[in-house]
Amino acid sequence: MANMAQAVRMALHYGEKHLGVTDVFGEDVGPPLGGVFTATQGLKTAWNTPLGERGILGAAMGIAYAGGRPVCEIQFCDYAFNVLDMFKIAGNQRWVGAGGFDMPIVVMTPNGAGIRGSVYHSHSFEGWASRLPGWKIVMPSNALDAYGLVLAAIKDPNPVLVLLPKALLRQKDTRLIPGEPADADELSRMIDAPVGDRANWEPQWPELEDHTVKIGEAALVREGTAGTVVSYGRPLPLCVQAADELAREHGSTFDVIDLRSIFPYDWGMISRSVLKTGRVLIVNEDTEVTNFGEHLLRRVIDEHFYDLVVRPRTLMGKHVPGIGMNQNYELNSVPQLGDIRAALWDLATEAA
Amino acid sequence: MPDMNEDPPDLEDALLRRSTRTAAPAVIRSGREVMSVELALTVFRQMLRTRALEERSIKMSKSGEAYFWIGGPGEEAFNVCLGLQVHKGRGPAHDYLHLHYRNAGVMLAMGMPMIDHTRQLAMRATDTHSRGRNFVGHYSIPAWNVVPVTSVIEVQFAMAPGTALVQKRHGQKNPLEAEGITIVVGGEAGTAEGDFETCLNWSTRPDNELPVLMLVANNRYGISTDLDTVHAHRPIADRGIPYGVRNETIDGNDPVATWNAIDRAMRYCRRERKPFLLEAMVSRLHGHSSSSGAQRNWTETDPLATFEQKLIDFGAIDTATVRALKEEAKKEADDAVVRTMKEAEPTRDDVYAFTYAPSAVDAVYPNDFTGLPEARN
Amino acid sequence: MANMAQAVRMALHYGEKHLGVTDVFGEDVGPPLGGVFTATQGLKTAWNTPLGERGILGAAMGIAYAGGRPVCEIQFCDYAFNVLDMFKIAGNQRWVGAGGFDMPIVVMTPNGAGIRGSVYHSHSFEGWASRLPGWKIVMPSNALDAYGLVLAAIKDPNPVLVLLPKALLRQKDTRLIPGEPADADELSRMIDAPVGDRANWEPQWPELEDHTVKIGEAALVREGTAGTVVSYGRPLPLCVQAADELAREHGSTFDVIDLRSIFPYDWGMISRSVLKTGRVLIVNEDTEVTNFGEHLLRRVIDEHFYDLVVRPRTLMGKHVPGIGMNQNYELNSVPQLGDIRAALWDLATEAA
Amino acid sequence: MPDMNEDPPDLEDALLRRSTRTAAPAVIRSGREVMSVELALTVFRQMLRTRALEERSIKMSKSGEAYFWIGGPGEEAFNVCLGLQVHKGRGPAHDYLHLHYRNAGVMLAMGMPMIDHTRQLAMRATDTHSRGRNFVGHYSIPAWNVVPVTSVIEVQFAMAPGTALVQKRHGQKNPLEAEGITIVVGGEAGTAEGDFETCLNWSTRPDNELPVLMLVANNRYGISTDLDTVHAHRPIADRGIPYGVRNETIDGNDPVATWNAIDRAMRYCRRERKPFLLEAMVSRLHGHSSSSGAQRNWTETDPLATFEQKLIDFGAIDTATVRALKEEAKKEADDAVVRTMKEAEPTRDDVYAFTYAPSAVDAVYPNDFTGLPEARN
């Protein structure tokens, strides 16, 4: 029943307690705020940094070099673009350095649109991130997966980027994280910082248990025959909703794949599904020119061109300089439920 | 004053308006700094207007007339004293402004009508700064050299040397137009980004010093982070030292000190064609933004209240006049909102507009962006 | 007969003289060096900057805001990754600012591998660049096009990124730039800085003429029927060579399209050729995950899926953290002549 | 001394070796700075070895045995005095090194065999720093806390606070292991990148000062660009002032001054657990790199030649011994190259190796990168 921000917080607590996490840091990550989305409230090792993404990533790399286990945050992925060189180095240092040093860092950052964040709180980062060899990139679409992927990210001795869909951070899961109290209000009383003075507040952590979602393992969240939908992050629940509607109203069922890991991705699951359905739609909210979904499409073409029964499709964000503040911009540049539903219907009904 | 909204503030007007007072003193003092009462009243009136606009803006974000609010309540003294001293106009003979997102007071003091602010806040198609695309306070005014404000902290400091370079050259070629300077404003937390240093370095290349007035509005916080916890306990102004950049730290809540400090710093930049770094200690009266609740923080010094008290103490104004001015400002803000809310919003057709300037050498987008390249021949 | 570095230099001179270029600047761009590839030697407005890419792009933007016409250089595209945020702003400011200010800047930067440059002088940038809405991105494969594209970049009132294939900068063109002396040695005596003391050297510029290659116009450099090859920059001459060999040895001819503009790209030319041949190979040297070639492939799939007679192909650089110094790394991670030839042959001979 | 190549330099050895000299003075002086003759001779020998290696390296790049050369001829005094004073080892109790690409002398003084340098230069599979992937001088030595050198200017300054933070904490928990510091080295031009400032800022957070020794090797050029044309005429060391960071500028060509300055700065960092910024003025004897020709520039001061002369003048060494030492060093370098050139090059099978560390939680790459994800189940 935790929301995604709480799930991340609990995963980080688990990391501090059981997995050797030494530092959770970034702009406004420590007390009193505990992160602009509350994802780091009450954590023992959380601290605030100067305002500088280069310092944040640099410090994380240094801490890792010296044997620490850092988790750092870029406050919004929109602000990661002054430090891509250091992302590259974090990703390539092991290869370049002939395997001398590992780089066990976790970078978390809120991703995508959907919170009326205007131009600089609506970027999608996975297209950029997928161009960073040496990194692993994950993006949960629900709280339980967020918990499981953050644990995997901490355990993995390589740099892992955890992209958190901004618009889903306050979404409650229907499932419980192992150890989480069944009552959401109780959870909130235990681990949410009070409004107002927090100087003497301390969280009461539930006895959490391990629940690791392996990197590179997608989830088949719906099964069907009319087509395959591959998505992740924010549009994923919309894909599920569209698929459920079409199943209910027209009896067309779909394989809906929640990729969860952007890199490495679960090619096996995609491949099996495409072989089965011969129809595929790839959905994400990132801008459409040189989009990671186009990479997935290329893999489909490379390996299943002759297995496809109809044209494979992508549904992606428009190639625009930004998401505008007025909702009419976002509604017309980021795939919406109606767009996804229409694309699915189109995919399922095109004559073979 | 129904025209207040549209007209640029006019010092001489203000002088006239106030000159009927008989018992009033000639100057307002603050330590060794002095300001004429006439000017003080002009500054005060603009501070009041700014505050009224900010308070109405916060209300908009809470009422659903708008969503996100960010702005500068607590920086009125600093912003107004800056705005009134800008050499306003277009092109390198005039000042360039690379602003922060808390500078409504600068714009109002320069003469921007309130509705130009509320249109952006309410995301209207009539928003000239961004066509309803950007957060409030993210101004863009070509006619006044106000280059687009961006949410990305500190990048304005990397751009400022560019405008200043053109200004310096322009002045060398046109001695009568040699006083345009570049004004760049940011918060104190942002100075931790390298761009702040870039500005210092690029403005002090030997034989290429640039007329850049670097302004840091130090409210002691970056969102929730106390400066004292992330920065050595030294003035930000000291950052000028390694480059030989003149610098000063002032009480930005004191309009008398602030006016004079900006005046001196500007004169130095204008005449010497060299940079100056001015740090103004200011308040943050409503927290960081609507994201943090925008509740009034009563522990911070209110520059407007203290100036009001000072003017009353000096006998420069009476409470009835203050009340009237406040009413007037509030009404001005309310009227702007009422008009704003009747205006159209951008539509789906606006999505791509203004991406590209027309280009005679572009075969695909001779006019503007129209979606992915299509086969057209 | 100029090489590409000379062509760029002449274009910039033409720009200074006829198109209002006010500043050519960057690290080591001014005297005495005139650029690490000599592309800015002898230019009137060239100057050296402090070592800082953020200052360079920032200054360019400021100069443009104030009415100047700046051309700046990032010394190697490998060093552009600390300033992608400002690239984004240069690209989005007009859209965000409701068209208030134009941003007439040109950024030049050497691109790609092929000069034994090891990890940090071998990056490809077009994949990143193509994700920057508001920018135009061009990449010449020969000196004459370099001249023409730089002139277009200067004339265009929008930000234009000129990617110069490092490995081709010293390649001489067989054609003359209008106004260029026919004798290459004479050109060199006129515009190449002398070795040694240059304090009193001044270039003697030929009377150059306008020659503008429009942005968004590809060049069909070979015509054929067996398939379509789309490429640009460094691999382009290799594609031509491979196509010529296959034509000579096997009578298989190809449309070889030199895209020249990455964005906007000449979709019309690609589309017509694919319709004609039904077979397409896209070649570039950038890393293969979320590669601009995958975008082109997606367009092909979107619009010509049913026109294709065989599986469309891409040939791109491997997904590696870098190009290693030892040639065995580059030879095995960047497409080589043999790879291109094999891919073309494969494309042409696959049974429909 | 056939073992010179493999053994770490040993001060006591050097003392013994020289102690037979009878007429030699006890100390070498430079202004008010003093150095024992024994130490001076050790420094001199390491400087000679470094020079021999660099000259042989340049030759390799010209002969086709290698391609690109970059290195530190002209920085021998600085590099050797640094390398001999490092607390060498693995983990936070020892020093971390975030080096520049001109630090062969540091490594040789620490005891790295020459062949570990030439293997990288000749791009051999035996290159332990990068398996033939990176430029020469881009060392990586986990056993000595030498983190991978990257060509990207100045990023090491953003990473340095990270290692220092772990060291500070480690020392607080383990008082007997409380002297490990972080040493970060860069050129002067690179200080224009914001990362230099990041290091100053992050190393001086109140109550969180960090033991970072920031070293700037100021050779007055960034490739072709004269510092005096792009930077205010002030010492780089002044950059410490706004943060209260102790700082000093020294003649890095003078081993006596340099040794003592590094000693003092290191002691401060080790004991006070706070940062120090030391700027060393050095020479660049062969230009920027092989890309600029790597020709000897005879107008620059040669720290080796001047030190040699000084030692002779002081009677600490004679020319015959100098000649013998030079021969020896040259032979050592030649031998390293001969051995290197016989070793294998990396092959196509190496392309992906070392991308990822083995991971039990990765379903696709449990061991290392193996190309794009494949269907495996």
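Order of writing sets the chain letters: A, B, C and D. Residues in each chain are counted from 1.
Simple rule for what comes next: contacts are C-beta pairs under 8 Å (C-beta built on N, C-alpha and C of every residue); 3 or more make two chains touch, one makes a residue touch a chain.
Just so it is clear, the structure is predicted and the values come from calculations on it, not from any experiment.
For the pairs A-D and C-D, the count of C-beta pairs in contact is higher at A-D.
The most distant chain from chain C, with centres taken as the mean of CA atoms, is B. We define each chain's centre as the mean of its Cα atoms; on that basis chain A and chain D are separated by 41 Å. Separating the CA-averaged centres of chain B and chain D is a span of 48 Å.
In whole angstrom, the spacing between the mean C-alpha positions of chain A and chain C is 34.
For chain A, the set of residues touching two or more other chains reads 49-50, 52, 54-55, 79, 82, 85-86, 94-96, 119, 133-134, 288-289, 319-322. For chain D, residues that reach two or more other chains under the stated contact definition are 130-131, 133-134, 150, 152, 192-195, 198, 201, 205, 229-231, 355, 372. Looking at the complex, you find that chain C touches chain D at residues 27-28, 32-33, 36, 48-52, 54-55, 78-79, 82, 116-121, 288-289, 318-322, 324-326, 328-329, 331-333. Those residues of chain A whose C-beta lies close enough to touch chain C in the complex are 54, 79, 81-88, 91-92, 94-96, 119, 127-128, 130-131, 133-134, 263, 287-292, 294-295, 297-298, 301-302, 305-306, 311-314, 319-322.
Listing the residues of chain D that touch chain B in their complex gives 192-198, 201, 204-206, 228-234, 238-239, 241-244.
Within the complex formed with chain D, the residues of chain A that make contact are 22-23, 49-50, 52, 54-55, 57-68, 70, 85-86, 89, 93-102, 104, 133-134, 136, 151-152, 155-158, 212, 214-217, 261, 264-268, 271-272, 299.
Residues 67-68, 123-124, 130-135, 150-153, 189-190, 192-194, 222-225, 229-231, 291, 345-348, 350-352, 355, 371-372 of chain D touch chain C in their complex.
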